[in-house]
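What follows is a pair of complexes built around chain A, which joins chain B in one and chain C in the other.
Right, the complex of A and B next:
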């Protein structure tokens, strides 16, 4: 409980700070991209520790399952609720109660703020995958809060 | 282990980001004060959750003991090693292996960077105390890494 709260509060503070620090025309875009980059580096660091004693992964799907179960649980205290793939390099990770959105009110008028609350996590997933040798583009989308979907597009090298 | 790492990585990212965002003459001072303010708000939020089911504190010393034991353990996974007071409103909290300094190399040439790594925690303590009705000024000092002392000066109202 305590750890959860610490992460959540810190995450909100970062969003607020970056949001106020990045001023200019494309402020919103820059804020999101800064958060994404921050998430990327944290994801790289975390996955390195988490997989220290993990046996080698069989394939891409095996890596994705690890992200959905072990990685998600250690960061967000729950697993991803649903993982889908088209078996052609696109994976959709659905979290029905995404922890970093539960602080936001569910009203539709807040939907426009959702990207700021998802950017760090998109980066987190991209960074974790990157350190496992999987290059990807990660985007997120919210339809009804606090549920959201992360789409991972694997970049073939 | 995972939670610890998440907090540590996030904390480093914030320092780096704020450090690069705050440019100008008094950049170092502003960076430290931004971090302190961030810690203050996080401390306020955290203590509210931690003390939800805690009985009322007897006195100031009782509050300080709670900070040194329960609060410190939940954030830093260890207790404060030594608590001293002059019984006139000054408390010194010593942590012999402060978690947010263990990432820094122990060389003396890195001592000048220590304030950035302590500012958030100074604010954290000040925020927690503030929400418990104790107004204070919190400063920190490092002599030999990764040991450090936090000095709490109670402000009588």
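Right, the complex of A and C next:
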């Protein structure tokens, strides 16, 4: 599938570009938040398209399930492997073979570069949720390379 | 056909509102504003069957003497309101549905436009185009 490769190339090129544009002390933090904001806007647009023909969501969990199944399949060609929640507004989405990390070597060598490759996706999820009326904070963590966990903290109004 | 079309944001402020008889525009603003209460009531779904409220199209919100007001709410809680002349009795439910469908398609295009800022009033030609075709329809019928 050609579009998959295009997305991956574009994504790594964006990271490369933003990384080279930022110089100085706080470069890494700035770079991550820029990518995150980019993802946010993309997520807002995408979810508008994906939910065009779906029935109205019942609750928060229904929204999360949609993100894990339909949204993830459309963007990353696979579903989230594991969704866990404490039923108090924290959701953990686990992907055992995250597509944007598969191009990086699986060892510990590039572990420090992983946050840059996850920032866009964090924003993507946050944007999607915010457009569906769920305000949240999304963080990501990686312990072993192609696997990663996204933690979604819902902000109660 | 349709005499007024409105797109209302999640936070209930108008993103886009156009009506065909431009002299009575304020009246339509009031009509659309009033309809928001009915929309709110319908999507909160008090004492309604679940299957009923899961559809995006809400159907007839309320009829007035001269007009009928129809509503539609997207998953992102953006509301569409279409006001139709009630003298036009031949208008079927699925025609209204397809009008909303078109409007929703145009709205998604606007949302996916990278130069559009979510939450800003819509000035894009896309929705205008859609509203335009609907109002042209109105002119040819009468």
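What we mean here is this: the second predicted complex is superposed on the first by the 157 of 157 C-alpha atoms of A that agree within 3 Å, B and C clash if a C-alpha of one lies under 4 Å from a C-alpha of the other, contacts with A are read in each partner's own complex, and residues count from 1 in each chain.
Quick note on the criterion: a residue touches a chain if its C-beta (ideal position, glycine included) is under 8 Å from a C-beta of that chain, and two chains touch if they have at least 3 such contacts.
These numbers come from a predicted model, not from an experiment.
Chemist: Would you check which partner chain A:10 touches, where first means chain B only, second means chain C only, and both and neither mean what they say?
Modeler: first
Chemist: So, does A:131 touch the first partner chain B, the second partner chain C, both, or neither?
Modeler: A:131: touches chain C, not chain B.
Chemist: Once the structures are superposed on A, label A:55 by its partner contacts, choosing first (chain B), second (chain C), both or neither.
Modeler: A:55: touches chain C, not chain B.
Chemist: Spot which of chain B and chain C makes contact with more residues of chain A, would you?
Modeler: Between chain B and chain C, the winner on chain A residue contacts is B.
Chemist: I'd like to know which partner A:99 touches here: chain B for first, chain C for second, both or neither.
Modeler: neither
Chemist: On the A-aligned overlay, A:45 touches which partner chain: chain B = first, chain C = second, or both, or neither?
Modeler: both
Chemist: Using the touch definition from the top, say if A:116 reaches chain B (first), chain C (second), both or neither.
Modeler: It touches nothing on chain B or chain C.
Chemist: Where does A:18 make contact in the superposed view: on chain B (first), on chain C (second), on both, or on neither?
Modeler: The answer is first: A:18 touches chain B but not chain C.
Chemist: For chain A, what residues appear in both contact lists, the one with chain B and the one with chain C?
Modeler: On chain A, the overlap between the chain B and chain C contacts is residues 41, 45-46, 49.
Chemist: Can you tell me which positions in chain B touch chain A when the two form their complex?
Modeler: 1-3, 5-7, 9-11, 13-14, 17-18, 21, 34, 38, 41-42, 45-46, 49-50, 74-75
Chemist: What part of chain A is in contact with chain C in the complex they form?
Modeler: 41, 44-49, 51-52, 54-58, 131-133
Chemist: Okay, in this complex, where on chain C does chain A touch?
Modeler: So the residues of chain C touching chain A come out as 10, 43, 50, 53-56, 73-77, 104-105, 107-108, 111-112, 114, 118.
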